[in-house]
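Listed next: structures, encoded as structure tokens.
You will see two complexes here that share chain A, one where it goes with chain B and one where it goes with chain C.
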Partner chain A sequence: MSIPHFRYIAPQTLEEAIGLLRMAKESGKRARVLAGGTDLMVQLRAHEITPDVVIDISGIKRLSRVDRMGNEIQIGPLVTHASLATLDLIREYAGVLSEAARTVGSPQIRNLGTLGGNIVNASPAADTIPALVILDARLALRGPEGERILPITDFFKGPYQTVIEKDELLTGVIIPLPSLNGRAVFLKLARRKAVAIARMNLACMLYYDRQKEIFEWVRLCVGSSTPKPVRMTQAEKVLVGNAYTDDVLQEAGRAAAEQMVALSGFRSSTAYKKPVVGDLVIRAVHLAVEKG
Partner chain B sequence: MKNRVVGERVARIGIRDKVTGHARYAADLEIKNALVLKVFRSPVAHGRVKKVMTEKAAALEGVAGVFTAADIPGENLYGIINRDQTVLASEKVRFVGDPVALVAAETEEIAEAALKAIEAEITPLPALFDPADAMAPDAPAIHEKGNILFTRKVARGDIEKGFADSDLIIEETYETRMLEHAYLEPEAGVAYRDETGCVVLLVTTQNPHADHAQLVPILNVAPDRLRVIQTETGGGFGGKLDISVQPFLALAAYLLKRPVRMVYSREESFMASAKRHPLKIRMKTGASREGKLLAMESEITADTGAYGSYGIAVATRSAVHATGPYNVPNVSVISRAVYTNNNWCGAMRGFGVPQIAIAHESQMDKLAQRLGLDPITFRLKNAFENGSVTPTGQRLEASVGIRETLKKIRPYYQTFRKEIEANPSRRYDGVRHGVGVASMWYGIGNTGHPNPSSAQMEVDRDGVVTLYTGAADIGQGSDTVLVQIAAETLGLPYERIRLVRADTTLTTDAGATSASRQTYISGRAVQEAALEIKRILTEKAAGLLKVPANMVACEDGVFFPQFREFQKIPFEEVARAGLKKGEKIRGEGVFNPETTSLDPETGQGTPYSTYAYASQVSLVAVDEVTGQVTVKRTVSAHDVGKAVNPANVEGQIFSGVAMGIGMGLFEQFYPNKTKSFDTYLIPTAMDMPEITPIIIEVPEPTGPFGAKGVGEPALIPTAPAILNAVHDATGRWVHQIPADLETIRELISEQEGG
Partner chain C sequence: MKNGVLGEETLTISMMVNGESVVRDVPVNRTLLSVLREDLGLIGAREGCGVGECGACTVIMNGKTVNACMVLAPKADGATITTIEGLSDGEHLHPLQEAFIEEGAVQCGFCTPGMILSAKALLDENPSPTRLEIREGISGNLCRCTGYQQIVDAIELVVNRTEEAKA
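Coming up: the complex of A and B.
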């Protein structure tokens, strides 16, 4: 099937790109940003979107940088999954993001697909998002009026819905360096081992104090199971301050399952997902503790 | 004499072009001025076509023609076994996707716009999606003759007595799913009229001669006014046995007298092409306390969807193979192919045998477990051997390698068992391991029908040797194997033989590339043609060497008298001797394996002249949290008679295992819902286990150099072995495929719950 006709522009600077987005917005034209195109091309081919203009930002060099700035690392939105999986800076300070990126699609998809595209596309199954949530990431958005920065959990309105304005670009992902000696785990459950959309994915980071025999802190986020990404706070609460025992783990699993159902209601997939999410939380916590 | 070419891993013909991307498939063919063809398809599953309004579409700038049933010059009816399918719907549509009108336009976009401008008035009729509903006495008829396309019965011995004598009886119902072939290359072709007006089709296909035979009545032209040439074909798995783009290409090129091209998108391929028949199988098996099978009764229902295609073959093959490769004295099978308004189902690697094998191999493991026998011992107690009589009353005389295959996998079975016992799963690992065994048999060639192949060879005055075969190489490697057989027979280096293949003007009918038949049947035809050439040349060489013909040998392209090897004459010199300009030496071969038609009431007869056998063992890991099954190791032993090219045989085994993993664990095609690979999941490289192929050669006397076939057998034991391994790991039997996350998790939870 042929893809719809559109104007294609490839600006080389951020200012140019934002100018183009503003112009499109003001003239009532539908514009779409293209980064790696691994989501966009699929939507174009299916005629799910019919933009008047496609703005290819892949030539804007400063958007593919990764920098350490004080207590934070800043990741440009054009950084690909392949880079996230291999860059030392990410592996060292945001290992769970590396692990998540490694599970995306296939080598071809990881070479093209970007972090920014994964976030802005806002699929509930996006693999990097649970990792970013537990890393407490913030997003920098830039429009004609300047920049705003918001926590990643405030970015999503629902499946494929975000707060980004038509004339805004995602320009950076900011991750605070973990202050505590946490251990992180990323689990992806899919129907096959590659090129597979997550049936569920889960990022978990925690610190278990072996002397005191308690969980000091825990961050858990499960993707593909709630309308928008959230921390599994109820399960976190069960764990924090408690010891690593079967009972506590089971209780945490139950809490996660209940929170998932409370947030997403009963669906045809719930019969499977409810028990599995609990067990996956237990598995992730177990693996994180064993790592430490 | 030792084989020099047969049995060797010679490089495949055309392999360099394929791996470097230079091979030209139908969609790569550039053809000047070609019109683009698109089909308007039915949006309803069952309906009466009242009116098709094409005027608006035809009036669009750039549209060269819009055709409906009324424009078809000949018969608007085709079908490979029973003719029930229309090129363009005239009265009825029977599934979502049934072709209604054909558009030819200057560009793809104009063609798409024209499709949108077509209006079809179709009155919906009640649609049936379940064979059980379609078989109900008051069900609306999808076809005039009723909804049961075909019934096959196989009856042998005394089934009542067989069960009465049994100490143990197991009965279960198994269900398999509708599957998509998922060949890499979607349907595609080009067509034009040559200088003489002959319509020439270059098309991806598994059977150019059958395409030709089906297209001639549609166009209503003399057979020589149509030529079908097979292009490089990117997989078929049975899905390219039926005609797809062919009638559209032929029709438009013929009527418009312009070159045309048609390439299905993946979505159109999914919607329009045949699928694997989903089977519902009730099977009851009885055995004695000592572990001898005594009786097997089965009722099989195959959903053939909107059209027959190969439905009759699937109903028959599943019935004939329903016991598995075991001696069962008392058998009663009834197998039906039933029309519904689902996507039509046709041939797919194994014609119902991969489905029925799930049933008979699960039954075998259930019985073995109850009898306290290990799965290999139990199978060996019952496996065929020379002299065994099959459920159709056929006495197996030779090349019965099933026992060998079981014996060869046994050490692996034991090793896997020990590995599991040595590594019990740890807390929170949630992984259970299991080992599963499955066996199969598979009749080579068409069932109970003559299915000859033919081939010709020529040698000219320069010693150029040409092999002509109608056999379509669809990626499985028949080009290579046929040339190997010719080269070995003639005593020529493999590279010396030119090949002309799969062109209805230049070659004669070799039958379909299906039913694992080309190596065995076309291979033998090629061997016969080569033997004739060899006889002629040997006589000539004998004259030149002044020795009796039975003293002459040819090796590596040189004739010499045995015991006097220094006296050599090159092949081309022998060829030239006595040949006038323009003269050629010709050889022809025909082979039609012996079969008889099956008795309609009892199925008794000789459906095939030979069978392939295989056994497989798989080691799987089952994640009890997620329900995910991972195949870790697979050992697959196949009796192929003779591996003409071991690398090709192994290639088939690897791909069969891959396909079987998809069938067993992932794949399910939902009519009107599954649109593309987005939701239709086939295994990736990452899902593949380590595979150990084992080749067993129990020669088939009628096969070329003893060869049989392996194409479909490679797939058949895979899914059953996985399911049996899942049982070994979890203690739960899986009666429906795919054994996906939900199915397995639920089975495990049920067990924990009680």
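Coming up: the complex of A and C.
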């Protein structure tokens, strides 16, 4: 299908971009931010969106940076999945994000698609989101009134719904450096086109103390199974302080499945997803413990 | 901004395409793929799905493979682009093109330009990939005909030939 008619502008600075968003908002124009375009182009072609103006932010250089600042790393929203997968700084301090980015789409999509686009598009199946949730990421949003920073879990209202204002840009993703030396795993169920529901992913980070034979700490987040991304706290509680045994793993799997059902209600996909969530949790914990 | 109007409807874009500098006025709502095919007559990049899934439209933009159907034309302003037409020098085929023919990796040929460009980008970055790495490298390119075996064989043939030439 053809692409709808719109105007295009490519600001070179953040201030300019925010000024344009504000002007569009004040004059009642529908503006759309364009980063890599891998979600936006599909939506344009399907005429799901018909903006008056497309504001291409990809020329704003400072939004492509990755910096280490004290005990945090700051990732610009324009950093591509291909870069997340290969950059040393990310692999070392946010390995689970690297692993998640590596599974996105195809090499071509990873070369175009950005971290910021993945977050703001807010698809329940977005692969970087569960990784960012367990990394305790915070998002920096910038609008005409200045900057606000919020935990990633406060950013989403529901599938494809976020708290970002029409005149705000996502300007940075802040990840605290892990104080504990954990092991991380990202798992994704292969996408079967015929069964779109079969898309699920999971990010897991944990530290298992082999001397004391207990899980010291565990963080789990399962994507596209709950209305908003959340940690699987029930399963985490089952594991922490306990030993790595079959019984404990099974119990954690059950706890995750129950939390998922409680959060999402009984939707048609829930029946299918319930046992799958449990299995994913068990597999991820197993793989993370085996990592060392 | 003029009279409350933001942005442009048409832009002049300049690119280096296959080593030649190209300047065109294009409506901003077109894709790089349509500019390459319709304005520049470079029809090697194909339109299969139009939504990033099939890879038939793959080109190399600033050293990286992209789906040209996903790139809005104004984004290509200032870019360096290689399409399949830029691989051979007009007389000799590129080693990948030769190997694809030898291994029977070209059947209907629809996927071939994109496939070869993905293979080129892979080999530029990693000259001796494993079969698994080759499969990953071409995972964004769908082929309905070959079952991929011959394609992986062809890419491996180029890897082996390059290594032999060096030894």
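For this structure, a couple of remarks:
Keep in mind that, in the parts below, the second predicted complex is superposed on the first by the 285 of 292 C-alpha atoms of A that agree within 3 Å, B and C clash if a C-alpha of one lies under 4 Å from a C-alpha of the other, contacts with A are read in each partner's own complex, and residues count from 1 in each chain.
In the analysis below, a residue touches a chain if its C-beta (ideal position, glycine included) is under 8 Å from a C-beta of that chain, and two chains touch if they have at least 3 such contacts.
What you see is a predicted model; the values in this text were computed from it and never measured.
Applying the stated contact rule after C-alpha superposition, one finds that A:Ala126 touches neither chain B nor chain C.
In the superposed model, A:Leu220 makes contact with neither chain B nor chain C. Counted by residues of chain A touched, the larger count belongs to C, out of chain B and chain C. In the superposed pair of complexes, A:Ser106 makes contact with chain B and with chain C alike.
Of the two partner chains placed around the shared chain by superposition, chain C is the only one that A:Ala31 touches, whereas chain B remains out of contact. Of the two partner chains placed around the shared chain by superposition, chain B is the only one that A:Arg199 touches, whereas chain C remains out of contact. Contacts of A:Val281 after superposition on the shared chain: neither chain B nor chain C is touched. Once chain A of one complex is fitted onto chain A of the other, the partner contacts of A:Val53 are limited to chain C, with no touch recorded for chain B. In the superposition on chain A, A:Tyr272 contacts chain B only, with no contact to chain C. Overlap of the chain B and chain C interfaces on chain A comprises residues 1, 42, 106. On chain A, the positions that touch chain C within their shared complex are 1, 3-10, 20, 23-24, 27, 29, 31, 34, 36-38, 41-42, 44-45, 52-56, 58, 82, 105-109, 111-112. Looking at the complex, you find that chain C touches chain A at residues 1, 4-9, 11, 28-31, 50-52, 55, 58, 64-67, 69-72, 74-75, 118, 121-122, 136-137, 139-141. Partner chain A is touched in their complex by these residues of chain B: 108-109, 112, 265, 267, 428, 430, 625-628, 630, 666, 678, 681, 683-687, 740-742, 745-746, 749. Against chain B, the residues of chain A that register as touching in their complex are 1-2, 42, 106, 189, 191-196, 199, 271-272, 275-276, 279-280, 282-283, 286-287.
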